[in-house]
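Next come two complexes, and both contain chain A; in the first it sits with chain B, in the second with chain C.
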Partner chain A sequence: MQADLTLKSGRRGATLDIQLLILVGILVLVMAVSTALTPRFLSYVNMINVLMQVAMIMLTGSAAVLLMIAGAFDLSVGMVLALTGVMYAFMSKNGIPTPLALVLSILIGSGFGLANGALVVGLKITPVIATLGTMYVAQGLAFIVAWIDGGANVTTGLPRDFEVFGRTMVGPIPLFLLIVFALILIFYFLFAKTNLRKYAFAIGGNQTAARLSGLKVGGVVLALYVLVGTLTGFAGMTLASRMGSGSPKVGTGFEFDVIVAIVLGGTSIYGGEGSFLGMILGALIIGFVGNTLNLLNVMFFYQTVLKGLILVGAVLLMRQLRSR
Partner chain B sequence: MPEKLLEIQNISKHFPGVDALRGVSFDIHRNTVHCIVGENGAGKSTLIKILTGAERRSSGSILLRGREYNPRSTREAMNFGMSVLFQELNVVNQLTVEQNLVLGKEKVRLGFFRRDPQVVARMYEVLRSLDPSIPLGKRVAELSVAQKQVIEIAKAIASESELIIMDEPTAALSEEEVNRLFTIIKELKRQNVTVVYISHRLREIFEIGDAVTVLRDGQMIGTRQVSELGSGGEVGSTAELIKMMLGKVVAERYVAGGGGQGAPVLELRKVSNAKLREVSFSLAKGEILGCYGLIGSGKTEIARAIYGLDQKQGEVLVAGSPAALASPREAIRQGIALVPEERRSEGLFTRLAIRENIPLMNIRSISRWGIFSARREKSLARSYIQKVRIVARDENHPVEKLSGGNQQKVVLSKCINADSRILLMDEPTRGIDVGAKEEIHNLIRELARGGTSVIVFSSELPEVLNLCDRILLLYEGRIRDVVRNGPEVDSERIMHIVTGAKEA
Partner chain C sequence: MKRALTLAVVLVLGLLLLANAFAGGQGDAGKKSLKIGKIPITMQANYHQAHVKHLIAYAKEKYNADVTVIDGEFSTEASVKGVETFIAQGVNGILLHSLDEKVNDQMVKAARKAKIPIVTFYIPTFSRLVPHLQINEAETSFQMGKVAALKWREWYPNKPIKIGVIDYLTVEIVQKHRTGPFIAGVLSVDPTAQVVSKLEGSANVQKAMAAMQDMLQAHPEVNLVYGANADHALGALAALENAGRGKAVNGKCLTEIVIGTDATEGELAKLYNPSSSFKITQGLQPRVNAIAEMDLLYNCITGAQNPDAWIQIDTFNKFISYWDTPIEEAQKFIEDQYFTKLDLKSAASK
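== the complex of A and B ==
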C-alpha cells in the first residue's frame, strides 16, 4: 500500500504533496485561532454542528472532485440539495411512506445528475452553462413545491418518522454522520483504487487522446454527473431530516463551498489533476472558518467576502506552486 | 569570404545538474544561411535562447558586428536586429493579415493608436516581395502554416532584422510549401538578411545551407561549408553529417522481411468518404505496408477511416470477416491501434507519468473487476521502458518532460500493450532526431517480425523506402499505384506519381 495511496500523478505529485502540507498547516492554524478566540469552538455541540455542515460538502465533493478532474463542473448541486430536501418533506407529508420518500428524493438528485450529464455529453453544452440552467430549474421547483405546500418551508404536518434518519444517535455521534463518512470512505476507495480514477485523469488530461485510446469519454462523464447528483440528493434528504423541515433556501452557496473545497485542495478547474485528500482538507478549512465567524457573530455577508477571497487565493497558490 | 556577423566564442551554459552547452565556438557570416543540426538535447534550443535573450550564458562571449552582445530580453535582442521564427507561430489568428502586419507598430498619440503610413507601406512592400499571393484582408486563422510563417518573416524584415533564426520551419509544411519557403530564404539573402536554420532534415541543409554546425551533447563537433560536403543527392555527403551528429555510422537500409506472404489480416474494399475515393488494399500478417503521398493526399484520412474516426462507405474486413469499425473503441477491440500524427495532443497524456500512460489503451492489463493494481502498473511500465528502451529517470517520469523520440516510444508501448495485431502509424518519426528515428524504425521491424502488421503513413520517402515491404502511392485520395520495395525501386517514378505529374 505504501506509495500506492499517495495519489501522485506525474510531476504534479510533488506539487500536490506540498499543497497538502500547506493545507494541513492552514487547518491547524485555523483551529488554533478559533480555539483561542472562542472557547465554545471545541465544545461537543459545536463540533457536531460543524461536522454536519462539512460532511455535506465532503459528500458531494467526493464525486464532484472526480468530475472536476475529468474536466467538467456542476453548479447545480446547491439547488438540487434544496430541492431534494423540500421534496423529501413534501412527499412524506403527502402520504408517501417516509422510507419510500427518502429513496425517491435521493433519486431526484440522480435525475438531475442524469439531466446534467445528458446536456453536457449528449447535447454538448458547456458544463457551466448547462448546470447553471439546471440550477435555476431546481431552485424554481423547490420554491414552487414549498408554495404549493403553502409557505416558505415545508415544516408543519410532517410524519413523526421524518426526523428519524437525522436524529438517531449511535452513542454520542449521530447515525447519519457515520453513514455519510462511510460513503465518503467508499468514494475515497473509488478515487484511489478503481479504473474510474484512471478514466477521470485521462479524460481531464487530454480528451482527444482519451477518445483515441478507446475510453468511453461520454459514458464516464455522464456516470460522474449521476454520482454527484445522487450524493447531493442524499445530502439534501439528510439535512431536511436533521432539521425537521424542507427549505428551498438551504442550498444557497453550497455549490460554491464544494468548488472552493475542491480547488483549495489542489484540483485544477481545467481538469487533469487533483486530490481527494485535498478536497477533504479544503472542506474542513471552509467549514471551520465559517463556523468560527458564526460563533463570533460576524455577519453572513462578511463570510461570503472571505470565501471569495479564499477561492481566489487558492487558485493563486496553486499557480505559484506549479510555476516553481 | 563575407564578413563575420556573429562570433560565438566559447559559450557555456550550466543548468543545475546539466551542462547544456560546453565551450561552443563558431562564426556566422553575413548573408549566409547557417544551419545548426544535432539530435534532441544537443543544445540547439539552449543556443537559440541565449542568442535571443531568453537565457543568459554562464560563460564565454558573443560578438555582434564586432561588438560585445549580451541581450537580457527578447525585446533587447530584437532591437539588435535579431528575430526568431519559432515552431509555435506568433501571429494573432483572429486578426486579418493587414492587422497582424502592423500590430505593435502603431504610434500612440494622446492614448490613441495611429498607424504610421510609412511603416504600413514598408510592410506591404516586404510582404509583396516575399509572397504576393497572400490577401491582406483575410483572417490569419484561414491561412496555412506556410503563409503564417511568411507573415512573421515579413514582420521581422520590416523591423530591420539582420538575422532571422528559424527553428525547424519545415516541420509542418508540405513539400511544395517547403520549396516556396526555400525561395523566400534565397530572397532574404538577396535582401542582406542572414538566416540561422535549424532542422532535422539533412536534405534541406544541402538545398539551402551555406555552412553547417553540428552540436552533440552540448559540444561543438564541427562547422563545415556545405560545398565541401558534396551535393545532397549523394549518399556519402549525408553520411558524414550523420556521423558527426551521432558519433557513429548509421546504416539505414531496407532489409526484405518475410512479411506480406500470409493471409490478409486487414482488407479495405472500395472505401470512400469525403476525402477518399474507392481505396482498396490488403495487409498481410507481419507485413510493413507504406502509405506514401504528399500532405493532403489522404494518408491521415485512410488511418482515420480505418480507426473509426471518420465516416466511411465501403467494406472493411478484419481477419476475413466484415467489421464496421465505427469507433476507436471498436477498432481497438478488433486488435487495431493508432499511433496518431500529433502525438502530444492526440496520443499522450502529457501531464501523467509514463507509468500512467502505458496501460490506458487496455486498462484490463492492470486491473481486475474495475480495481487497478499500482504494482502491476509499475512492473508493466518497467518492462516497456526496457523493451522499447525509453530513456527516462524512472517510470514516474512525466511524459511532457521526455524528448520527442521517447514520447513516441511511450505511444508505441501503449499500442503494443493493447494487444494490437494491426498498427497504424501516422508519421511515426516526425520531429524526431536521427538516432531515435532509427530506433523507432528498428522497433517497427521487430514488431513485424513478431507477426504484427504495420501500416506506416509517411510523407518522407526515405522512411517508407527504408522500412516498408510494399508502398501504396496516394494522390488526391486515391491509390495510384502499389510498388513492392527492393533494390530496383524507382524513387523518381514514385515522386512523379504522388505529385500527380504522371499517371501510374
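== the complex of A and C ==
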C-alpha cells in the first residue's frame, strides 16, 4: 500500500514559510548593516566575490540538504573536496587530458558517495561513523597523492588549460559560477518538483513507515549520498582550477560550513523537515557576515565566535517557531 | 579443544618474548644503532617532509642512527603523545618541533626525567630548559620587506606603500619572526607605509584566496602583499590573478608586489615568471636545519653538550628575489634542499 506522501501539514508548511521570511529578514538586515558600515560592501565585485566564496557550499548543500532531510548526513565532503581537487591536478599533470581529468575527478567524488551510501545502507553503519571513516580515508589519500607527486601540494607542471574552467569569464560573470548556479537550479527543480523530495521527507519523518509503504529507503539514501559525492567532486575540481593547484589542505571545515548553512536554513538534523531555499539563504548569511567582517578588518577569532553565535541563535529561534 | 588453543597461544607468545630477548643480545655483538625520535610540527607541508627526509638520511649516514617519526599533526596533543611514546620506547634522543612554548616545558621535563636528551626546534621551551635550534627568520623577513619597499619606491615613487598581510594569527612565533620583521623592513625604507589589512589565512590556500578577495574589495590600493607561508602567498596570488591583477612585465610589477615564505616549487615557479607579480620569498633550508638539529642532539647524547643547559643555535633562511637571485641558484637550492626534479626555467615559463 502506498503511503500518503503528502509532505506537510498546513501548520508545518506555515512554519516553514515564516522561517524563510525570517531568514530573508536576517539577510536583508545583514546586508543593510554591512552597507552602512562599509561603503565597499554593496558593489558588483563584492557581491560576485561572496557568491564565489559560498558557491561550493550551496552546490554541495543542494544535495546534502535532501540527505539531511532524509535523516542522514555526510562528514566526508570537506576531504572529498580536497581529494578530488588533488586528483584533478595530479591527473592533468600526468598526461590525462584536462577535460577527461575533470570528469574523472567528479566521478571520484561519486565513488566516495557510493562508498558512503554502501556503508550506511548496506552495512548499516551510522552516518556519523561511516562518513567520518571515509573522511579520514579521503584526507589521507589526498596527502598521499600529493606526496607521490613530490610534496604537499600539486602545484607545478600543470597544463595551461588546467585553470580554464575555474577562471574563464562570460562577460562580467565567472563561467564556473554560471554552471554552479545552473546545477543548483536543477537541484532545486529536483527538490521542488520530483518524488525525490517526497521520499526524503518521508524517510526522514518515519523510516519504518516509509519502508512499510513500499518505498525503497535504502535506494533513495544511497542515491542521495552519490549525489552529494558527485557535487562535492565537481566543487573540488572547480576550486582546484580556480586556485591553479591541488591542495590537500583545502576543505578543512567545509563539512561544517555546509551543515551550518543547512541547519541555519531550517533543516532539522534529526530529519523529516527542511528547506532548500533556507539552505541557500543560510549560506548567503554566513557568507555575507564573514565578508563584512573581513572588509572591516575584524580579527579572525571574533569571526568564528560570531559564526557560532549566529548558528545557535538561529536554531533557537527556529525551535521557538516550531513549538508554537 | 579450547584448552589446547589457549596453550598454543601462550606458547607462541612465550616464544616470541624469548626471541625478542635473544635478538637484543645478538644485536649487542655488533655496533648498536642509536634510536632517535623526531616529532615534526606537521607532515602536511613540503618543508617538513623534506626536513624529515634529510634527517633520516643524515642520521643514518653520520651517526648510524635510526629515526622514527611521529607526526605532530599541528597539535600539542599529538606532540605530547609523541614524546610519551618515545619515552616509553626508550629512545636515545628526541627532536621536538611543537606549537607551544609552555607545553614544550612539560614535554621536555618528562623526557629529561627519563634521562633522554631532547632538543627543540623553531619553538623553544618557555623556561629555556634545553638546547634549541632556531631559524633566524627575522633577518630575512626584514630584508624581504626592505627590498620590496625599495623596489616599489623605485618604480612608483608617487604611490604610497600600502601593505596587506595574509597572516597566521594563531601561531605567535610567526608574528615575531615573519610578519613583524617584514613590516619593520618596509617601514625602515618608508616610515609612512601603512598596513591596511591583516587577514587570517589558516595555512590554507583556499581560505587565503577568499581573504585576499575581501582585502582587494576593502583596499584595492594595497600594493605590497605578504603571505606568511606559501599557501597564503599563492592563495593571495590566485585571488589577484582572478581579479585581473598579479601581473608584471619583464619583472616589473604592475599593481603590487607579492612576497611569500617557504620557497616551495609553486612559489618559485611564479617568482621566476617575468609576468607574475610574485617576486620575493625566503627559502627555509630543510637540509641545513636537519643536519644542525641532529648534530646538536648527538652532542647532547654524548655529553659534549650539556643536555640541560640552554643554548640557541641559529640557522638562516635563503633570501630569494627575482631581481637578485639567478634562477640557476634557485634551481640548485630546491634540488639540494627539496629533492626536487622540477625544471624551474620550464615551470616559470608557463
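In this section, the second predicted complex is superposed on the first by the 309 of 324 C-alpha atoms of A that agree within 3 Å, B and C clash if a C-alpha of one lies under 4 Å from a C-alpha of the other, contacts with A are read in each partner's own complex, and residues count from 1 in each chain.
We adopt the following convention: a contact is a pair of C-beta atoms (placed from the backbone, for glycine too) under 8 Å apart; a residue touches a chain by one contact, two chains touch by 3 or more.
As the structure is a prediction and not an experimental result, all values here were calculated from the model.
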* Asked: Following superposition onto chain A, is the placement of chain B relative to chain C best described as a clash or a fit?
  -> fit
* Counting only touches as set out at the top, which of chain B and chain C does A:Y302 meet: first, second, both, neither? -> neither
* **Contacts of A:Y136 with chain B and chain C, given as first, second, both or neither** => neither
* Examine A:Y270 and indicate which partner it touches, taking first as chain B and second as chain C; both and neither are also allowed. => neither
* Asked: Which chain makes contact with more of the residues of chain A, chain B or else chain C?
  -> C
* Under the superposition described above, what is the C-alpha centre angle at chain A formed with chain B and chain C, rounded in steps of 10 degrees? -> 130
* Is A:L212 touching the first partner chain B, the second partner chain C, both, or neither of them? -> first
* To do: Please work out whether A:V45 is in contact with chain B alone, chain C alone, both, or neither, and reply first, second, both or neither.
  => second
* Scan A:R167 for contacts with chain B and chain C and give back first, second, both or neither. => second
* To do: Once the two structures sit on chain A together, report how near the CA atoms of chain B get to those of chain C, whole Å.
  => 32
* Structure fact -> chain A residues where the chain B and chain C footprints coincide none
* Structure fact -> Listed in rising order, the residues of chain B that touch chain A in the complex are 307, 309, 327-329, 331-333, 338, 340, 345-353, 356, 359-361, 363, 367, 370-372, 374-375, 396-401, 414, 418
* Using the touch rule from the top, collect the residues of chain A that touch chain C in their complex. => 38, 40, 43, 45-46, 49, 52-53, 143, 147, 150-153, 155-158, 160, 167, 239, 242-245, 247-252, 291, 294-297, 299-301
* Complex contact set, residues of chain A against chain B -> 3-4, 8-13, 193-199, 201-202, 205-206, 208-216, 272-273
* Structure fact -> chain C residues touching chain A in their complex are 43-46, 49, 169, 197-200, 202-206, 209-211, 213-215, 217-218, 231, 234-235, 238, 241-243, 264-266, 269, 338-342, 347, 350
